[in-house]
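Next come two complexes built around subunit A: one with subunit B, the other with subunit C.
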Partner chain A sequence: MVHTAVFAVCAAASVAAGVAVFRVDSMARATLALLASFVLAAITLLLLDLSYLGVLVILMMTMEMMIMIVFMIMYMMNPAGLMPMTMVHNNRGALAISLAVFAALVTGIFLVPWPDTRPGTPADPTLQLAEAIMGSKMLVMMVIGMVLFATMVAATVLSTARGRYDRYGDRLRRSRPDDPIRGGVGR
Partner chain B sequence: MSLELYLLLAAALLTVGLYGALSQQSIVMLMMGLELMLNGVIVAAGAFWFYASADRPDGQVLVLVVVTAMAVEMAMGFAVTTAIFRSRDVDMVDSATDLKD
Partner chain C sequence: MGDPMPLWGMLLLPIGLLLLGYGGAAWSAILTARAAGSPVSLAAATPARETARLLVEQRRTIPGADTLLWRLGGATVPVAAVLAVLVLPVADRAAADLSIGVVWFNAMEVLIWVAVWTVGWGANSAWGLVGAYRFLIQGLAYALPHMFALTTAALGAGSLRVSDIAQAQENLWFAALMPVAFGVYLLSAMAMAYWGPFDPAVARDLAGGAAAELTGVDRLVFRSGRYLMLTAAAAMAVPLFLGGGAGPLLPGWAWTVLKTAAVLALLVWLGHRLPTVRVDRFTEIGWVVLIPATLLQALVVAIVVLVV
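This part shows the complex of A and B:
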């Protein structure tokens, strides 16, 4: 009973916070609303005995949204939300498509005959996950590792203002880098 | 609680995110919509694990993959935003339509 009440409150609040992301004027507030939506959705995961994954999502999203606030304030023209603004295109079309998708998903949810019998939950779901990623699902973990490494390299390359080709020429043959301000003591 | 209720929550989160991804003009707000969509997938995968296959770890591994996808999406999204803003002062999706031509 308590579980159901907590789920209902968290689910409703999570969706409401998700809607608020696109309704508030301030970019910092939008990011914090997104954080609230993530944390409330993660609490519903905690109700499913997924203690490790729930806490992982909460911690990761808290860090991610703190970084996101910085980027939001950097890139938005109205970061403080001092004046009302809407930055949407094709609002009605997007609303119609979203509602149609929601209706289709709800129809599917209630029409599909889901399995009635619930398999027994393992004594320790975290141990089950740990044994899986170190055993039968190790390939998934290895791919995730490679993808994260590639992401780090690609993100650094994309966000670098002046790369080595700017500094050393297209053929990297320049003996001294072409920098706006030369480094070193004798500059 | 039941699987249907969890899937309803997931569907609601996914469609709110879809609305944001389709309607927002700012690249960063668009990414927020994408993150909300992935959040719905996380809830659905967790619920499927608990109600349909708790004896196997596949659902949990799927949640882990989606969480990673979220992190990668945010890192690459901000890197691309930084690159395009630096080179052309573009921070709106309407100004970045090169592939349309």
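This part shows the complex of A and C:
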């Protein structure tokens, strides 16, 4: 009974926070509304006794939103994002896309063969998750990990203006790197 | 896993955090007074006088401020500190001895990122926003070494439950088994409370940075929240690295309080001794030195756990 009530409150509030993302007039408020929506969704995971996943969602979403907020404000269409702005554009196209995605997700809910939970949840879901990741799903996780890592390195290499040839010279023979800002490691 | 904490214990937890936090603020005021050559005896009451002054000070209103986010951010700092110590075992009992206590502590302490950024943003001030961005950059520098340090403590005990980690140190404190992780934890404890060498977010070169426009009760909440966060981080070092409530003669809770006070005093003193570190330099040190060091530490501890 308490579970149902908490779920109902969190689900409704999560959707409301999601709506607020497009109703507010500043990127900061929009991002924090999105964060609130994610945290409320994470609480429903806690209701399923998936404490590790639930708290991890709170942790990761907090960090991600705070990094995202930097870029959201940087790329906004008004200077520094300090002016009010509208959060919606291309209304018809967006409406069509979101309706299609919503329909697909709802269809998925009814088509997926959900596991039978009658035997009860395992004593330690965190351990089971770890065993799945390090056991039967090991190959998938390794491949995903390598792809993510390669993407991060590639993005950093592409975005940096100064590479090792700028820092250590054309033959990489400079003993001390030539950096515009002194300090840090080895200088 | 012990019995749940009684209700009076849960009431006592934030009060104890507040008292220890006041002690930290008083110790900081004493250090400042000693450096300035003014009488040390009066300095212990400085935080109380400052609190009274801020309580009666009129709030500043700023055109164009995002008041909702500004106030919300300031209030998040003490709330995050109190939430973070819910998993702290005192006398073998925690307010909520979660099976994933370490992850909970990490998640609550990351709320400081939201808090400081929002406080910096809300005031509609360039100084505040620069301070807010500095804190996020510093967060990226300390977060991963900090997480690896927490992971190493959990690895040594084979459990994410904080009370299990404290119990696993019956023979050898983790501070001795994993000194690198302990050192990195102390560094990140100062960084998450934007304290000492890691205070560029609220530094004087930015006229107070994220806290530049805070006045009255808002400044009081933000400042006291900072001491609460520093205290919470010091308190968590006790079960994670310093054997929890273990010790001779005194009861468990007294040892927890004593060890917390000692770590807090050390952190406050370090903050007064060390100069502010520029975030770009600390980022390089964090990624080039601290991450490999903590990873190696985790590897060593993993081998020790497997062999012993």
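Going forward, the second predicted complex is superposed on the first by the 120 of 187 C-alpha atoms of A that agree within 3 Å, B and C clash if a C-alpha of one lies under 4 Å from a C-alpha of the other, contacts with A are read in each partner's own complex, and residues count from 1 in each chain.
Just so we're on the same page, a residue touches a chain if its C-beta (ideal position, glycine included) is under 8 Å from a C-beta of that chain, and two chains touch if they have at least 3 such contacts.
Bear in mind the structure is a predicted one, so any value in this text is a computation, not a measurement.
Asks: Which of the two partners, first being subunit B and second being subunit C, lies in contact with A:36: first, second, both, or neither?
Replies: A:36 sits against neither subunit B nor subunit C.
Asks: Touching A:56, do we find subunit B (first), subunit C (second), both, or neither?
Replies: Both subunit B and subunit C are touched by A:56.
Asks: Which partner chains sit in contact with A:105 here, subunit B, subunit C, both or neither? Use first/second/both/neither.
Replies: first
Asks: Of subunit B and subunit C, which one touches more of subunit A's residues?
Replies: Looking at subunit B versus subunit C, the one contacting more residues of subunit A is B.
Asks: Quick check for you: in the superposed arrangement, does A:181 touch first (subunit B), second (subunit C), both or neither?
Replies: A:181: touches subunit C, not subunit B.
Asks: Between subunit B and subunit C, whom does A:28 touch in the aligned arrangement: first, second, both, or neither?
Replies: A:28 sits against subunit C, while subunit B stays out of touch.
Asks: Go through the superposed model and pick first if A:69 touches only subunit B, second if only subunit C, both, or neither.
Replies: Second partner only, subunit C.
Asks: Residues on subunit A in contact with subunit B in one complex and with subunit C in the other?
Replies: 56, 67
Asks: Under the definition above, what is the set of subunit A residues touching subunit C in their complex?
Replies: Against subunit C, subunit A makes touches at 26, 28-29, 32, 35, 51-52, 55-56, 58-59, 62-63, 65-67, 69-70, 80, 82, 124, 126, 181, 183-185.
Asks: For subunit B, which residues count as touching subunit A in their complex?
Replies: So the residues of subunit B touching subunit A come out as 1, 3-9, 11-20, 22-29, 32-33, 35-36, 39, 42-43, 46-47, 49-55, 57-58, 60-61, 63-65, 67-68, 70-72, 74-76, 78-83, 85-86, 91-92, 94.
Asks: For subunit A, which residues count as touching subunit B in their complex?
Replies: For this pair, the touching residues of subunit A are 3-4, 7, 11, 14-15, 18-19, 21-22, 27, 30-31, 34, 37-38, 41, 44-45, 47-50, 53, 56-57, 60, 64, 67-68, 71-72, 75-77, 87-91, 93-95, 97-99, 101-102, 105-106, 109-110, 114-115, 118-122, 125, 128-129, 131-133, 136-137, 140, 144, 147-148, 151-152, 154-156, 158-159, 161.
Asks: For subunit C, which residues count as touching subunit A in their complex?
Replies: Answer in residue numbers: 64, 66, 68-69, 98-100, 103-104, 106-107, 110-111, 113-114, 117-118, 121, 124, 129, 133, 136, 139-140, 143, 160, 278, 280-281, 284-285, 288-289.
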